[in-house]
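Chain lettering (A, B, C and D) follows the sequence in which the chains are written, and residue indices restart at 1 in each chain.
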Amino acid sequence: MLQTYNKDYKERVKKFLKGQHFMHLIGFDLSVIEEGRTEGWLEIEQQHKQQKGFVHGGLVATLADITAGFAAYTLVPEDQHVVTAEIKVSYFRPAVGVKLHVVGSVLKQGRKINFCEAEVWDVSYDSKGQEVRHLAAKATTSMATVFPDDRAP
Amino acid sequence: MLQTYNKDYKERVKKFLKGQHFMHLIGFDLSVIEEGRTEGWLEIEQQHKQQKGFVHGGLVATLADITAGFAAYTLVPEDQHVVTAEIKVSYFRPAVGVKLHVVGSVLKQGRKINFCEAEVWDVSYDSKGQEVRHLAAKATTSMATVFPDDRAP
Amino acid sequence: MLQTYNKDYKERVKKFLKGQHFMHLIGFDLSVIEEGRTEGWLEIEQQHKQQKGFVHGGLVATLADITAGFAAYTLVPEDQHVVTAEIKVSYFRPAVGVKLHVVGSVLKQGRKINFCEAEVWDVSYDSKGQEVRHLAAKATTSMATVFPDDRAP
Amino acid sequence: MLQTYNKDYKERVKKFLKGQHFMHLIGFDLSVIEEGRTEGWLEIEQQHKQQKGFVHGGLVATLADITAGFAAYTLVPEDQHVVTAEIKVSYFRPAVGVKLHVVGSVLKQGRKINFCEAEVWDVSYDSKGQEVRHLAAKATTSMATVFPDDRAP
């Protein structure tokens, strides 16, 4: 159902990622960039946490915003951009593991608004080295398209 | 209408702020801590931005979460905490100024859920040095109380 | 800050209200229609309630949607419409009074998205006949503009 | 992962549905009641519509609230209830078909908050009588548990 209007969306996203200063500050990056879907991993460090030792909810929201936003961005024509109109994040459980796996996807592509979701998985390892995953948070967001003739988006 | 159950809430918040590693990474701090209300300022630097030169939406969400969460935290008894159950952030305009002024407040105090709001103001200065303020984003959030006998919140 | 592009917005809203079949089923109507703001009252009857005797949350969401949507509608040019892209409703307390007072307003007008809020007040009367008001719910919503050349919005 | 604490949840839900006056006004009912999941259908009539001929967004929110709320309700012990703390509904496309199919489910069961989702499908029939389905809206919601010793929820 999803359709990209830009064959070179991977290069375009990678170019834009270079300018994502706040994402670099956090230490996050996208490792999967597909049509209408992106994924990334974050090694959890102390700098990502709040006072209880859990990953900060604001960081979780940031990763959800990045993956969902770039998922939408893969779909729009080259002369268009997307901006987050709104995002809601629900926190199911504290993220306390070794790393986060974040998946953003477009649920409903639209000309002016792309409705997206993002899942933030908390990943740790048990005593046998088996990966243990929990869904720590889920986000829903409206990504608005910015057209060339839009004034400041 | 709001009522704190903890006279020493200011000291308690200040103590907790020390452990807010992610807040320190960003460079944010609270400068006002009142009953059911907190405020803070952030000098905007390149590390806070995304590829278009705007303050990152994830950072905006983080500041909203911090101010609203600690606003709720000022009200609960000493043996209780609060965690963000969900937050929704609406982005009214790109934040492109010199600094951000963030105000979090409790709109409806509850025993188990505190409904809070946060406003993120974009502040710049015109040619005469006059402060110019725009409401860049507004957040609404449900802050859940964590009781002593709760298992992992 | 708000600006209407349609002098005849009151007549336009009133005309549209006639076709609001679901609003008529509920028994609601708008009594105040201003630029970027509408208000209405609902006498609470048994048909509006759920099994606990409280006003149904879906009804509360409906009234919030109507008042916020028409608040946005007062601002757009004659050849444009608005549709609800998303709405979030937070329920502060059960509505159990005699009537509801609902106020919808535009917080940030935009060319493509109007960010609106709605407050739903629960109104009852004490033994001396004095009005007692509680904020029962608050909603935030993104109202998307529909332009003449949009295909099905 | 979901677990009910009440074997007789189906009878309990059915008993409560009798008191859902607003649901009866709309003409909706639940046809599937499982652990952590409910479903229902609504034949679309004129009384469900707004001025453009689309199903009213408030009605869509109401059906999402009912199915998600009762999905959560199937899981709690007999002496507990659930109330909607907040709900967000995203409208993907106008609902204009013959009927709506609504599915509510619990995504993350918690002792104090159940995070739920609801999907509202627009169903129509093509010239060959084949069913055509579109996802018209999706909701996410926090359903708060009401314990016996809670004062007014």
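General remarks:
One rule holds in what follows: a contact is a pair of C-beta atoms (placed from the backbone, for glycine too) under 8 Å apart; a residue touches a chain by one contact, two chains touch by 3 or more.
This one's a predicted model, so the numbers in the text were calculated from it and none came from an experiment.
Under the touch definition stated at the top, chain B and chain C share these contacting partners: A, D.
Greatest Cα centroid separation from chain B: this falls to D. Averaging Cα coordinates per chain places chain A and chain C 33 Å apart. Distance from the chain C centre to the chain D centre is 22 Å, each centre being the mean of its Cα atoms. Centre-to-centre separation between chain A and chain D, using Cα means, comes to 28 Å. The set of chain A residues that touch two or more partner chains comprises 85-86, 88, 90, 93, 142.
Contact residues on chain D toward chain A in their complex (touch as defined above): 88, 90, 92-93, 107-108, 110, 115, 135, 138, 140, 142.
Interface residues of chain A facing chain C in the complex, by the touch rule stated above, are 85-86, 88, 111-113, 142, 144, 150-151. On chain B, the positions that touch chain A within their shared complex are 16-26, 46-52, 56-59, 61-63, 65-66, 69, 81, 83-91, 93-94, 152-153.
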